[in-house]
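Here come two complexes built around chain A, the first alongside chain B, the second alongside chain C.
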Partner chain A sequence: MSIENTTATLAKKEKEALFSAKRRKLITDPLNDNNPVTVQVLGICSALAITVQVKPSLFMFGGVLFVVTMGNVIVSLIRNLIPSRVRIIAQLVIVASLVIIVDLLLKAYAYDMSKQLSVFVGLIITNCIVMGRLEAFAMGNKWWPSLLDGVGNALGYGLILVLVASVREIFGSGTWLGFQVIPQPVYDLGYVNNGLMILPPMALIVVGLIIWIQRAKNTKLIEAN
Partner chain B sequence: MELVNIFVKSIFVENMIFAYFLGMCSYLAVSKKVKTALGLGTAVIFVLGFTVPINYILENYLLKEGALKWLSPEFASVDLSFLSFLMFIAVVAAFVQLVEMAVEKFSPSLYASLGIFLPLIAVNCSILGGALFMQQRDYPSLAHATVFGLGSGVGWMLAIVFIAAIREKIRYSHIPAPLRGLGIAFILTGLMGIAFMSFMGIKL
Partner chain C sequence: MNRESNAFIIFFSTVMVVVVGISLALIAQVTKPNFIKNQRLEKMQNILSSVNIQVSPSEAETAYKKYITGSVVYKMDGTLVEGVDAFEQVDLAKELKKTEDQQYFPLYECVKEDGKYFIIPMRGKGLWDAIWGYVAIKDDAVTIAGAVFDHKGETPGLGAEIAKAPFQEQFPNKKIVDASGTFTGIEVAKAGKHPAGYDHGVDGISGGTITSNGVNDMLMKYLKSFRNYIEKNNVLQPVTQEPKVEELSDDILSSDSTTVIAE
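So, the complex of A and B:
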């Protein structure tokens, strides 16, 4: 009886739609309730250092999207072949190889960007989002859910990155993605760009404020004292 | 004298946390108590102080263009620097594993207090960051690289001990509920970062 049951559930699982509600949740969850940066506190290192402007943060998002998604897929395909004692090193080697691809691509097609991001491209390897998702999700799931999970988490990361970068670029230099946002007449009236926003510590404070806003709206995320 | 400069600079002016935000994940996760923060900080100093020089040797005698000249003059044009990420992270992971095993064998009491943090360090961005900054800044000698590694570690430990002390103090403060925990830690770090920026004007 129980065997029949399990085979029945297995068959049901096989038939689960490519974008069933549960799987859509894999993508939408990391955008708010389970955001990698503001809720899981992963991958903050790079999220803060490169958010002075929007453009580098978009490139960073692209790099992380590629590495997280591909890493998740590869690890989930070979997860049964990795002995659990050496899994961290095996995962690191896979991630490092993917990051080398990203680094070489950036050097070839966007050299200025690669100079601007400097060591932070290499630091995608130790971006906790990548390792965290490999360890927490890809080691125990099939490749398609892992792919969705990777895309979802990269999107959640990119969302915060672009938000922080937008705030800092608009208030710090009066532009967005390089376009002038604050019109010239405002400057003529005596408006001055807020130089503080360009300084690195402001990234932390902006993320702190974003967490404040998010938790004020989403009260189940509030931490117990 | 130059070595002292690099040491002071890497602690205060180019602090891993306040200037580059490296190692933030464990910085925020393990900064609730001063004692554990001190343990993790010591482990980071130790690992940085060893992996940066090891990676320096690898970089200069194996990976850089022309670095293989000591083997035979015909290798002078070989450039393996695209492998550096892979080499660095392998060194860090292997070293952390080695230290963990050695500490477990020879000093079980230290292992009990430090043990849980050691695996965390393998994916701490500040360790790999130290190696990558070393590569980028092209230090002239092994001594420079070692001092830079130690200084960065000390700076990281200072930062995490400071924030842990503050977080212990504010536990009974009246903070707006949504800001509690993570939010206030971010804002505190930002304010400390602004304070640390005053070191930037120092010319050594």
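So, the complex of A and C:
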């Protein structure tokens, strides 16, 4: 949890550049070293469920980006007002209302997607990434670092989502974002789409493979025994 | 004021709930018209897809007005219900909560370049959740022209196959009435139960037996009520000089439809 330590001191410094090195780290850290999905292993449930195709993953990423960023900013702005005994409830109310807003907007302006994501939009509420950031970061930081932290974590989540979805869509349906990527001649030679890719267990396996590759490449993540 | 006092907590919670409640209500109000419009367009798309007219949501309204020329609402025994609009006022999900003899059954009439069709919307229970579909019947009220089914949460690869082409392609040209005029419906049964070329049944989904049975029950119920309606109201009788029949054909005009169903 290096991120909390480094950023705890952040708030004290006045007149820090809008995108100082430390603040940039708020965005870049969750992409790799402190990725919410592959390192902290949070938000796995939705990562398994909606990664059959790339498009719903992008919408899901959009939803989480909105919820975690707005949630972080709102909580950070009122953090000194929230009584600590009811802080989890207060965070929950804020997250829940943001999720309802996402749901309403999808139903009104992206109806197809709202049907495809169905219950998983509502389940953003239970996505541990969201509550985790509110409790661990926004409760103790100013609104700008909180916003960056929200964007960073949503990006880290979205990155894994799109990676997993790309693998599953390309091998499961032969398409990427709806465009045919495996040409017809390949099918004519006897290639078939891998039906297993469409099933939830494959998402888990793909996430596992990504974690494996990431840990092999990123020496910081290798635990010393 | 002490932030940890009970009074402040109650005050804070109250303000928070009121603020959140008001803002959500506002957003819900703003997005509601669009949401309802989306649902209407989806329903139109579904109705049209049963007669093989595939349209995008933006074209659905125009295509619907062009092809769907009338609608009626009747009960299980075929009695017409007056003054209820099939599209706007009948929600099958709500109908299913009533007892069967209280339920309303909507029916649409579609005129396409190649003829006239009846479109029967239907809804039933699968293994996990609701299943629904639209069956198009040719103007003899016996032969199926096409069928589409969908589901809320059947098992992918098993029950969910009812929403796919291989299952639905079995339906065209099946007959819901046998040669002697008795109602047979369409039986969804285990593959191999029906002889090849059997007119009154289709093969179910292997491994999706409960979903298949759900489709079977749904088909039987809605097709039966459709036949009841046809027979009770002499819909297929040509309009002749006989005054009796003429009256009947007037009766079956639903309040808003522009075309006489009986021709």
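Some observations on this one:
Note that the second predicted complex is superposed on the first by the 210 of 225 C-alpha atoms of A that agree within 3 Å, B and C clash if a C-alpha of one lies under 4 Å from a C-alpha of the other, contacts with A are read in each partner's own complex, and residues count from 1 in each chain.
Going forward, a contact is a pair of C-beta atoms (placed from the backbone, for glycine too) under 8 Å apart; a residue touches a chain by one contact, two chains touch by 3 or more.
Keep in mind that this is a model prediction, so the values were computed, not measured.
In the superposed model, A:101 makes contact with chain C only, not with chain B.
By the touch criterion defined above, A:73 lies against neither chain B nor chain C after alignment on the C-alpha atoms of chain A.
Contact with neither chain B nor chain C is seen for A:182 once the two complexes are overlaid on the shared chain.
In the superposed model, A:222 makes contact with chain B only, not with chain C. Comparing chain C and chain B on the residues of chain A they touch gives the larger count to B. Contact with neither chain B nor chain C is seen for A:31 once the two complexes are overlaid on the shared chain. Of the two partner chains, chain C is the only one touched by A:84; chain B is not. In the superposition on chain A, A:93 makes contact with both chain B and chain C.
By the touch criterion defined above, A:199 lies against chain B and chain C together after alignment on the C-alpha atoms of chain A. Shared interface residues of chain A, touching chain B in one complex and chain C in the other, are 89, 93, 97, 100, 104, 199. On chain A, the positions that touch chain C within their shared complex are 81-86, 89-90, 93-94, 97, 100-101, 104-105, 107-109, 111, 195, 198-199. Note for the complex: chain B touches chain A at residues 18-25, 28-29, 82-83, 85-86, 88-90, 93-94, 97, 119, 122-125, 127-129, 132-133, 136, 171, 176-187, 189-194, 196-197. Residue ranges of chain C in contact with chain A, taken from their complex: 3-4, 8-9, 12-13, 16-17, 20, 23-24, 27-28, 31-32, 34-35, 38-39, 42, 57, 156-157. Remark: chain A residues 38, 41-46, 48-49, 88-89, 92-93, 96-97, 99-100, 103-104, 118-119, 122-123, 125-128, 131, 199-205, 207-209, 211-216, 219, 222-223, 225 touch chain B in the complex.
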